[in-house]
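Look at the two complexes coming up: chain A is in both, with chain B in one and chain C in the other.
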Partner chain A sequence: MTAFIIRRLMQSVGVALAMSLIVFIGMHIVGDPIYILVDPQSDQAEIDATIRRLGLDRPLWEQYLLFLKGAVTGNLGNSFVHGTSALPLILERMPATLELAFASLILAIVIGIPLGLYAGLYPETVASRAIMAGSILGFSLPTFWVGIMMIMVFAVMLGWLPSTGRGPTATYLGMTSSLFTVEGWRYVLLPALNLALLKVSLVIRLTKSGTSEAIHQDYIKFARAKGLSRSRIVGVHLLKNILIPVVTVLGLEFGNQIAFAVVTETIFAWPGMGRLLISSIQSLDRPVIVAYLIITVLMFIVINLVVDILYSLLDPRVRLGEKSA
Partner chain B sequence: MSVAEPTDPLGRVEPKARAAAETPFQRFVSDYFDNWIAAAALILLGALIALALAAPWLVPQNPYDLAQIDILDSRLPPGTPSSTGAFTHWLGTDGAGRDLVSAIFYGLRISLFVGVSSGIIAMALGAAVGLAATYAGGRIETLVMRIVDLQLSFPAILVALMLIAVLGKGVDKIVIALVTVQWAYYARTVRGSALVEGRKDYVAAARCLGLSNARIVFRHILPNCLPPLIVVATVQTAHAISLEATLSFLGVGLPQTEPSLGVLISNGFEYMLSGKYWISFFPGIALLLTIVSINLVGDHLRDVLNPRLSR
Partner chain C sequence: MTMHVGRWVGAAVLAAGLALSAVASADAKELRIALSAEPSAMDPHFHNLTPNNALNRHVFDRLIHFDAKQNTVPGLAESWRTVDDKTWELKLRKGVVWHDGSPFTADDVLFTMERAPNVENSPGSFNIYVKGKTFTKVDDHTVRVTTAEPYPLMPNDLTTIAIISRKHGSNAKTEDYNSGKAAIGTGPYKLVEFVKGDRYVLERNEAYWGPKPVWTKVTIRPIKAGPARVAALLAGDVDLIEEVPTTDIAKLKTDGRVALAQGLSNRVIYFHMDHWRDETPFITAKDGSKIKNPLKDKRVRQALSMAINRDAIVDRLMEGAAVKASQFLADEFFGTSKTLKPVPHDAAGAKKLLADAGFPNGFKMTLHGPNGRYTNDARIAEAVAQMFTRIGVETAVETMPGAVFFRRASTGANGEPEFSFILVGWGAGTGEVSSPLKSLVATYDKAKGTGAANRGRYSNAELDKLIADGLATIDDAKRQALFAKASEAAMEDVAIIPTHYQFNTWGTRKGLKYEPRTDENTLAMSVSE
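Now for the complex of A and B:
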């Protein structure tokens, strides 16, 4: 187990390095960010001073080595646009994104598992067919368009929920989040639902196929023969077994949630790191883009590792590290 | 039943003669049209493609010819007659006074063009790399498949955003980004089926005949890898169209001069809060119909092309 974790971590460092190099070099092909950053009326002396200040006059490899040296010490360079260090810029927006991803994960579980269970237990009913047809639609609908329509219906036409922004936050157990206030939930509900849409469809399909397979297994028949109540069979014996694939997929999808939050944050003006990424791409703010990428890659690596370990704890048949991962 | 049906010596009705004469393609077509939802989806998709191709001859105005649009016509609700009185804006107009029906048909052209061309290039590239890697075997195969695994472990939208950050805007840039995101799916699919096909007897027979390796790979193995490749291609094309629309909506995809459906939806978004829903709503419906119909066709193709499921 320890060897497995160490090997995975070393692979991960290699991946992070390779990605940073690719993006760093790629950024230099796009053209000089200097003309976006200086006042159009500034003279050559001012431009030269800015180039020196930002370190853009040194050779590419030297800029990259400087960047790596900084990265190890937690300094990923200064944002060209904001003028402050790129790393804190992203980190201060991270809680909002994590909060959104977490809320949508909860919604995916709360909505997806009961619907999937129902569709698996009573596959022939009209409601089940509607649930399954709806889940196909959930895969096909473009997330951003659904978000727009949600704003139109719930915020503009009905006026039930606020359309944009993040609600008031409260601090509880050292964490500051808008999930701790009722008003905060009103703000997070629409974006979280929008982000959860794809996951809900996924959870429904996984739970449904797991359920319809599991109800024919011997242990369910045995539990029924033993005279256990239906709710206990479904709630304890069945659910425990179908949760394994659901937990794995949801864990792996958490990284996707953070990536797709880029879209949801843009629609709902949610002050997270995804919106920062989009505006940085538009203004060619190289340090912020590279820092975002490195942080996201690191997050992906950690999430994948945690899911692998969690998986082996949930399912004792899986032994990590036996074959080369 | 006045006409006596042909019977065999035991008096049983002979199976329809047509069945024996069916070519594989006819069987495929009749299998496909057995499912009415899939048939409807295919017809809808065909209609959408026809509308997109014929857009310049069908729509009342060229939405990008400035002489034909009038800024005074902007943001008209659906069903309003145009200021010249020549035609009616059945779906309303957008912020610049363009007729939405015309804009949607033109947008469909661009969306389909980007999706289909990136799908075809990615399929050719991915299939070539996948086949070459499988054929080379050993270290090269391991390396290529590691790259494929690595790329597929990151969400497509993130990879695409990074590429756009590097490449910039434009149709060609978007196609490059979509190809880069998608080739790995094709490479993995083609390798999976090439590994299976390569062990079959007909390949051994071709080898015994002394055929060249290139001929075996391209004329014998590749055609047998096509069915799963076609299924992946349909689903990936729908995905590409959706991804392009998303990127364009975020303002990092196609420029305003190439208004795909995603750009149209994005333009309408700013009028959404004042209740002018139609500018975003109708292009979205067109996008939705396109994606859903392609997905349904792909889903059913998977069933029809899978020999294990055929009766």
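Now for the complex of A and C:
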């Protein structure tokens, strides 16, 4: 297991290196943000001075080596736009994104699994058909449109929930989050639901197909013959067996949500990392983009690791050490 | 018995407390603002950028302020005058105190001018407004500024620089301003909280020297998505939004919950074109073969200007949130010509001019522009391309993100402007016409600092002289005449093709009034009940 984890971490360093190089070269081709950063009234001398101040006058390889030199000591460079170190800039916005992703994960599980189970157990009922049809909508409607519609209905027309932003935070067990306040949940509900929509649909479909497959298998029939209660059959024997694909998908989706909740964060003005990423891309703020993607790579590796460990807990036949990932 | 007394006293204290808090809340007035962009720092000298400047204007005063129409009005300087052509004297306001109660003096001004151009990691410094000026203290409340050459724009330049306190600013870094430690100003609001990307909370400065704003507490949040900003206003989550999307204006005008405030901006949208290359990369004959740069012929430039239906752009694309342009800056501003009129739409006349210039069949051209930098920019580029195509100039459109566009348009091809014909905008930060004249049509000259944004490399010795003379003339009336003449000369030669001046639109909840500002700033001080 330890060897497995070490190997994974080594891989992540390689991926991060390759990715930083790609971003450096890619952004170099696209250009630099000088002309949208300096005051348009500036004269050429001032523009040149700014280029030098940001280190953009050096050749690309030198900029990259400087970046690597800094990266070894944990400094991923200064943001062009913010002037401060890129890493803390991202990390200070991480809690907001994490709580949004976490809330949407909970929603996906709480809504998706019961609905999927129901649709799998009673596939012929009207309600099941409605659930399955609804899940298609969840797949196909664009997030930004659903987000705006939710704001229009729940905030503007009904006035039940706040339209945008993050609620007040509270600190509990050393963590500061808006999920610890009631008001905070009122704020997080709409964006989390918007973010969860795709996942809810995925979970419904995975749970449903898993259920309708497993329900006819011998071990379920045997459990029934043994006289186990229906709730125990479904809740323990069936659920445990269909959860592996669900956990895989939720794990990957969770990573996606943390890293790329860009659309939802933009529409709901959620002060998270995704909005920082999109504005950094718009202003070609290379240091922030590189740092962001490095964090993303590391995060995905960690999530995959957690998913693998969860597998082994759900299915004792899976042994981590033997897998060459 | 004693216990009873205790209870009574307790109740009385409680009641008094409640009454007091009721009084306080009746007096407390909160304003919630949604911005379209994120200020990146509370350090007023870190980045010369509109959202930053608008935010720090609440906390820091300038020596001289801009009113809503960008006229210079007294700020921390009560009055100013020229001693001679190269020396200005400013009388500082007496009795002004910083948010911590310490007095404001000339030392603070001198310290500010030292720090403003030298902020670490600044992506766009205030150096251009400070350099070439020597500040000296005459006494605690008098400052003299000397320049090597006569410099009439002194008051305008001084509106840009936020005055900071020497006591709190010595050795302070940008971080110290963001954390609030050094963010001690003299302005109408005190900084309570600066949470980057999330919210900026301000509280009224009860000791302010000027008129006190209505709002005791101001919460500012960035909501970048236009529809979400409008929704937040409609839902009552915010009281004021900036940059109302033009597509929502018509609908919001009839909505009983909101009021709109619309005003002219200092921004002109215009086309710049290749004036210097003999063969220009994005223009060919209809069959794709190389031709001489047709834009060097004034008749072609005139024809293109006449081909543009400015009424259609203003009415349909901008939904009325613009006005037709005839020059660099709307007529109301200082230095503009009062005789120039927008070029009327005349497709037949345009065709004839093209034929006279030797292009009876027109030519092929690519129009480049930014996407999302100016209101409806990409749609305007497409509409104008169609108008050009109608007179025989077959025009393709290529738009790109602003960051990419401006780089290529400025120094894309071997350090020279890359494109042949571009859509751009220009906001006159100084509030008068020398800003676009000097940057857009004065000959590109690195040493003199002129023509930095002259992406067509237009060059006209006569015009250069008018601009240079104007910039060295202290007398307002004479300078106005010179600049007006320069504007007329540039338009006569079609140095650029202006299309429209943008309006800015703010939305407030019903019952509030916003005084529109030409400099696009969103200020709590401009909101009244």
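Definition applied: the second predicted complex is superposed on the first by the 312 of 325 C-alpha atoms of A that agree within 3 Å, B and C clash if a C-alpha of one lies under 4 Å from a C-alpha of the other, contacts with A are read in each partner's own complex, and residues count from 1 in each chain.
As a working rule, a residue touches a chain if its C-beta (ideal position, glycine included) is under 8 Å from a C-beta of that chain, and two chains touch if they have at least 3 such contacts.
Please read these numbers as outputs of a predicted model, since none were measured by experiment.
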Message = Applying the document's definition of touch, where does A:G112 land relative to chain B and chain C: first, second, both, or neither?
response = neither
Message = Tell me the contact category for A:N304 with respect to chain B and chain C: first, second, both or neither.
response = first
Message = Applying the document's definition of touch, where does A:P287 land relative to chain B and chain C: first, second, both, or neither?
response = neither
Query = What is the contact status of A:T296 with respect to chain B (first) and chain C (second): first, second, both, or neither?
reply = first
Inquiry  = For A:P191 in the superposed arrangement: first (chain B), second (chain C), both or neither?
reply    = neither
Inquiry  = Applying the document's definition of touch, where does A:G120 land relative to chain B and chain C: first, second, both, or neither?
reply    = neither
Query = Should A:I47 be classified as contacting the first partner (chain B), the second (chain C), both, or neither?
reply = second
Request  = Give one of first, second, both or neither to describe whether A:G255 is in contact with chain B, with chain C, with both, or with none.
outcome  = first
Ask   = Given the touch rule stated above, what does A:F139 touch, chain B (first), chain C (second), both, or neither?
value = first
Inquiry  = I'd like to check the shared interface: which positions of chain A are touched by both chain B and chain C across the two complexes?
reply    = 30-31, 148, 151-152, 155-156, 163, 266-267, 282, 284
Inquiry  = Considering only the defined contacts, which chain B positions touch chain A in the complex?
reply    = 150, 153-155, 157-158, 161-162, 164-168, 238, 242, 245-246, 249-252, 265, 269, 272-273, 275, 277, 280-281, 284, 287-288, 291-292, 295
Query = Across the complex, what residues on chain A touch chain C?
reply = 30-47, 49-50, 53-54, 78, 80-84, 89, 92-93, 96, 148, 151-152, 155-156, 159, 162-166, 266-269, 271, 275-276, 279, 282-284
Contact set on chain C toward chain A in their complex = 34, 38, 40-41, 46-49, 119-125, 127-128, 174-175, 195-199, 221-225, 227-228, 231-232, 234-237, 373, 401-404, 406-410, 426-427, 429-430, 435, 439, 444, 446, 449-450, 452-453
Remark   = chain A residues touching chain B in their complex are 15, 23, 26-27, 29-31, 136-137, 139-145, 148-149, 151-152, 155-157, 163, 255-256, 259-260, 262-263, 266-267, 277-278, 280-282, 284, 289, 293, 296-297, 300, 304
